[in-house]
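Some structures are shown below for you to check.
What follows is a pair of complexes built around chain A, which joins chain B in one and chain C in the other.
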Partner chain A sequence: MARDVWRIGPHGQNSVTDDSLGARAANFAGVAARLRRLDATMLVLLVFIAVLAFLVLNPILRLIVSSLQETDTGRFTLDNYRAAYGSLRHLEALANSLELGVGVSLLVTCFAVPIAWAVSRTDMPGKAFVRLTVFAAFVTPPYLGAIGWILLAGPNSGWLNKVWMALTGATHGIFNVYSMTGLILVIAVTSFPYTFVFTSSALDLVSSEMEDAANILGARTLRTTLRVTLPLVMPAIIGGIIISFLEAIALFGAPALIALPARFNVVSTQLWQFFEYPVRVEEAAAFAMPLLVITVLMFWLQRRILGRRGYTSVTGKGGERRMIALGPWRWVMLAYALVVGALSVFLPMLVLFQAAFSKAWGRGFSFDNLTLHNFYYLLFEQTQAKQTILNTFVYAAVTAFAAISLSLAIAYVVNRKLVPWSNVLAFLCMAPFVIPGVVLAIGFYAAYASPPLALYGTATILILGFTTRFLPIAYTSSAAGLRSINPEMEEAVRILGGSRFLAIRKVLIPLLKKSLAGAWILVFIPATRELSSAIFLVGPHTRVISVMLFDLSEEGNFEVLAALGVILLLATVAIAVIGTKIIGRDFMLRRNS
Partner chain B sequence: MSRLKLTGISRHYGDFHAVDNINLELQSGEFVSLLGPSGCGKTTTLRMIAGFVEPTLGTIEMDGQILSSPSGSVSPDRRQMSMIFQSYAIWPNMTVEQNVAFGLELRKVQKPEIKRRVGEMLEVVRLNHLADRYPAELSGGQQQRVALARAIVIRPSVLLLDEPLSNLDATLREEMRFEIRRLHNEFHVTTVYVTHDQAEAMVTSDRIAVMNHGRIEQIAPPRELYDNPKTRFVAGFIGRTNFIEGTSDGDRISFDGFSLPCAAFERDVPSEGKAVFSVRPHSMRLSIAPPAARDGCTPVGVTVLERAFLGEHWDYIVRSFEGVSSLRVMTSPTDDIPVGASAWLEVEPRQMALIV
Partner chain C sequence: MFRIRRRNFILGGSALLVAGAGRKALAQAATSMTSHEKALYEAAKKENGQLTWYTAQSDDITAQALGRSFESTYPGLKVDVLRTTAQVAYQRITQEIKASSIQCDVFSTTDIGHAVALKAKGDFEKYVPDNSGKVLDVYKNYDPDGYYFVTSAGMIGIGYNTTKVKEADAPKNWTDLLDPKWNNLIALGHPAFSGYVGTWALTMRNQYGWQFFEKLAKNNPRIGRSINDTVTMLNAGESEIAGSGPAGTLLESAQKGNPLAMVYPTDGTVLIIAPSGIMKGCKHPSGARLFMEFLMSEGASRIWVEHFNETIRPEVSAPKGAKSAKDVKTIHPTVEQITKGIPEIIKQWRETFGV
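Let's turn to the complex of A and B:
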């Protein structure tokens, strides 16, 4: 059409016409090309970006906004903050959380650092077994550890107290798990693996020459370790302390199982009480702010500390390493590692399994007490339990798929710089990492529970919440996988005539299969155990195992509860074993930066 | 096979001009190399031809049709080109056969026809016995040949090669140079070849474009480029050379320690003022006995300052009796002149290139 119009233009100016035609053609091609660039693949990617905003940005904004709103009218107010911080009980919860965090991080350091040093720098025997124990502690959900400890150190009836009474003839036990001390111990024994991993991987990078230099100047092993080796990995230890502090104040399960019966509150349990009838979301949002602020600040601090490279010799190259010969002391170190292992895994798991296979856990280890009825009851008799178990694994599977699809799309956009400011997208994907589960759940509740979406009580809100919560894990894996693939692989498809979508489908996805499978498992496992956000988002028909465990503990039905915990653990171990087969050893401990 | 024309192509990254006003025209079936040091803009130019990078200024045309311009570009998958990447980019999840067949499948070629053409192509690159292997099971040279086969089998309008041999070891690299030229002689695909290795460019190319700081310094066939470098950069980049400065008075040009008649030069030399020439080390002769003067060029008496025996030739550093600067001369392995001895240097004006 355009060409015809030009043909009937003025004659006798051929050169001008030709030039204009050329320019027009160029222009035309330009517009067409720009339209083509907005091809189907780009549209799909834009949808993914919108989803990311929906999942991460909106809930956090709604959390902040609703903390400043009146419940019914939505008008601006500071009343929520007045209500949240106006009561002594609430302030005590805050103080308790801080005490808990400090206590846990100190105890964790006492557990983790000596063991990490022994495993990584000395000739302590049984290292593989110690590492396995730490790994077991890592995969045990903290609330299962808490239940184990209730069976161990419940006042009078707990196993440890019974042993004590049998040995001393006392009429009362001496241990009481229902106390701040008990809570600190329970959380410390389940969260020390973080500090262990941080410290031991830093120690693995310290060259023996650093220690040799101190030895040659006359320092003995102990002095060298205290004055040279440990200071070198101090940033890693501090990083571990910060992580354990944050883990302790963000946890919901263990505090709810132990602090509530002990009649004290921490922030997470207090937040949950705001959700008892009548639900006060706005007050909860206001009360969640310190948790959010502290977490963001501490992560920033940790980044700064770990980022100060010049301080350490941790450069990424190991250098030559020799193990320190401890002599007889190596048995002392092993004994210490085994004691920590006993506190964190062996004892709690022993009593948990005993309870799972008992008619009544208090009757002890005898054949007439053995039964499989607890499992039979869960798997066949109790319809709700069956549904709950099914829910758990279906939600976790869907969550893992959703988180990986989303994070892969975003990682692709960021890696190829397809949109301006693509680094903001990477930041959004990683942001949920610094948001405690309870806080995220309240944000989700505020944003999507009520109309127009009215997602409360649906599977959707749980899956969306889980997806957001575990997005950073999926994103870390996806981005690392993508970085390892040369963009030329994709360009080779393009130049041979394939579209971007074809390149992704035929080359990128097949090449990423393995790392995506790993990422899937890394999301799936925590999603099966997630409690802190689930407890706020479940409805009557969308209960998951973690929530059911919590309810069972309120009923005091420990045998069935233990059986359910065993089912969860066995499923986790099975998946982890499959993952190790596919992806290789240690893939679960390779997390965090 | 197509004509390719780059007109005033530039690519700016902020203030940095990666490619700065390049004009280049390839005839149908021509093989042109972009040769230059790293960071000279040769790869960026290639990626603009492929359509992966858009030019800031200028246009790229193929057979008269505009492919790239600042207002928009035809996407790479619609250019009917092929490219061989530095990493080869052989897809590790597909067999050799599947890799080579990929482009044909995209072109909706019939199955039996694909089978036949892939078979023929693998025959040409001598890989038919490895058709069912996966790339991880191949050596570097074999992977390289898969990349070549995959690129050529679709009969592209233009073939682009981005430093394809830089990951191979030295012997294999030499072998593959000839392989690439052999394939070009067989298929006559218009080809742009990016390299920083002058030998590669000289073996493969019809013409070489020497690039520096985002510009083309000179485009010429390999022989011409070597014999008549136009700029100091080209002379220095292609082979080794001496730069000597002379002052002309219209009749003779006086250099450091000797002089030559203007008439003996093949090309016009400035009638007055200074001029810089490039003299290749082996275009001069060194001898102990004084040779006869030719074309009014008298031999120059020199002292040997340093020397090294390199097997295929002697490398001498000499200085004329009256001069201060030294020259590098290569001679045959039989010319054995000790350090400190006097010798006669013959300079051939016809082999001296005037540098602009």
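Let's turn to the complex of A and C:
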């Protein structure tokens, strides 16, 4: 599943190239014939297509249109662009975001690629534990990681600085989380799992034959790895770089916590400022445009770089795979993996749990500082917390179901070529992937908050927003699952007189059950912690944990914050573990099929 | 592992009461209501008993305590308490107005300019609470037309961490904050979030001109969002001086055993007058009216005082060990200055501090 993420839709490899003109014409004629019949299946499919236009196309169009409109009259104007880019501070925010994106994607590559290689290709010990650590980093929301790192590396009060001052007798700490470096680190340690998953699943497919060839010709392990193995999985690595770049420039929570005290703005925090009074949705839309342009540019660049070369060893066909014996170096690799694990999981989690169970986190680890009151406060004294926790998991679950049903239907239409231009559908499904959450939320707000739909403050707008946001993940999983199933099986049903629905219900769904359950968890986890798009769409009764954490963080009440974070993490992990038990495999770290 | 907290004790106690002599106790509560209150209470119950309160007037703990007190005074009603900074609350409410979907019933801000603007645009519902005549004279009649009323007041001084700063060394007045010895050690809130900080910054500008902040910026203060964040930073040892120290949050935190002390600057403690109003077109108009009565009641003032804020009712006296606004020299801008000045302050702040 992961391999497809770096190609927008499945049309990159298969569909476009092998469709000759004649085949397309024939296909079109067939479609026309089918359209005349217009059976119930077709109607349902058309409904799905309408839904997609509603979810993806309209909000983006509204965003672009409103960026060109006068606030009150709706007349065409370029003033929003002038206002959005006419200020030096706004331009600085843009430059800061670029720096952040580049920094994060480089650091992520340094973290993820060596570990992925060690886990997939070598005899490094403790692999199961390392995978578990990566999983833990995956479920940790970036803003929670940021809070952990504020407790660790606050310039005067952070644990690391306190330890440093105690050891050296220095009067000042050496780490300062309130800096660009701090922000880059915090985002990198929570987003490296994406690159890890891409790279390791690609490495899992590379057979040892090519490495053997290099070895026979005299190359050592290091040279072989750098010259043969890693270049073969370059598409995966570049995919990872792009994703972490986009993730970094689109995040809202971690920058809001760190960049403000550090005295700089990034695009997402600047976008938030446009929503301060007076609300300037149109200016926000104009300011969001570079994010869209950058994203499109990155994917175009990726195609240019990867387009003409062959990476055919990644065929999925067998070939023997042996683990490289590293000798004593295997311990070095393990140590490296553990250092990354410490930065991303062990240290932040340690201080978060400490804060969650303490009266005042600054007082440190002692029994008289221990309390359950933070949890008691949340669950019994706070009027909102219980509802908020419930909302979070209900919305995430519904989102996961909605995203998967929709994407499965569309993947089916695309894969079986039931309508002309089906690739457009695939593209629309993948498009939200390149739209930062904040931008998507602004589009949704502009399109659906006001009458006639008047969805502001309803659960519906949140679920719709989340569904759109995570549609690409659901779609890649569904498409990958579908491609592994030969249509002949359904055709057998149809030849024997069964309807398409029957074929889908009795053949397709049972075959896909496991990969759909895996996809469900893959959507569910990010949906439980989504902040960027939620922040503009929540109302007082539809708050989710991430937004509540953000509101609580204004006062810097880290004990209660940490307790709420612990509740979020434990519940998410519990659901993921139950899900994994049900589908009987590791949903995230192995390939589908 | 629980400390027996006063609040839990009261909660448990009232649970016992309800369980035991429940009906009698409830009946008593009902008889102490005025007929106007009773009519509002009955009407509120018919509006499905729900109520949404956006408030920036206190920290989350105090806001939740007020919400629970309302619920126990009027059994069957439920109030959703959303505590954020004033500008975030205002951002949400303007988003709701723009989308023509009012979710909030009672809006309590710390930037009185919000109330002026909401009234001017016709977004507030007129309602004169019975209790509005019973508050201290200084808090009466801020809006003679009856669209919003002062429901709380608080003071801003200078706070410091007593383990790091000796009393003799602590700043005595506002300009002491400019002393280079506090380089990197001052915590501030942000006027684009906190209404308290906005009004504080405006007062400073009135007194000393904007140069005050240009000099303060040289001391590289740590800028958070809420004014209450400064107290957290002191407790954590991240900062030593709360340059804008909210008296209520500071003193309550000190009472819990944190090493904190409060300075009432010789050149004047900043007094914040914080208003509330009912949103026009809100879903629970009767509940909202009842809640306005409650905010101006003696019971609410008792809770404010328990949490070291000002009382607005003459029957309730200032918290023990804390000074009341009438005991110290206070300074504050006029309503007109706030309405016009805070947007300017936010702009100037962004230019001087970069965020």
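Following the convention adopted for this analysis, the second predicted complex is superposed on the first by the 444 of 593 C-alpha atoms of A that agree within 3 Å, B and C clash if a C-alpha of one lies under 4 Å from a C-alpha of the other, contacts with A are read in each partner's own complex, and residues count from 1 in each chain.
Note that in this section a residue touches a chain if its C-beta (ideal position, glycine included) is under 8 Å from a C-beta of that chain, and two chains touch if they have at least 3 such contacts.
Everything numeric in this text was worked out from a predicted model, so none of it was measured.
When the two structures are aligned on the shared chain, A:P510 is found in touch with chain B, with no touch to chain C.
Contacts of A:G362 after superposition on the shared chain: chain C is touched, whereas chain B is not.
In the superposition on chain A, A:S157 makes contact with chain C only, while chain B stays out of contact range. Residue contacts after overlaying the shared chain place A:A492 against chain B, while chain C stays out of touching range.
After overlaying the two complexes on the shared chain, residue contacts for A:R263 are found with chain C alone; chain B is out of touch. A simple residue count on chain A separates chain B from chain C, and the partner touching more is C.
Once chain A of one complex is fitted onto chain A of the other, the partner contacts of A:Y277 are limited to chain C, with no touch recorded for chain B. When the two complexes are laid over each other on chain A, chain A has no residue in contact with both chain B and chain C. The touching residues of chain A, counted against chain C in their complex, run 89, 154-157, 178, 259-261, 263-265, 273, 275-279, 281, 360-362, 370-373, 376-377, 381-384, 387, 445, 449-451, 454, 456-457, 536, 539-541, 543, 551-558, 560. Looking at the complex, you find that chain C touches chain A at residues 1-3, 7, 52, 54, 59-61, 64, 67-68, 78-85, 87-88, 90-91, 94-96, 98-101, 103-104, 184, 190, 192-193, 222-226, 228-229, 232-233, 235-239, 258, 350, 353-355.
Contact residues of chain A toward chain B in the complex are 25-27, 29-34, 36-37, 486, 488-489, 491-499, 502, 506-507, 510-511.
Residues 50-52, 59, 66, 69-83, 85-87, 89-93, 102-103, 106-107, 150-151, 154, 160 of chain B are the ones that touch chain A when the two sit in their complex.
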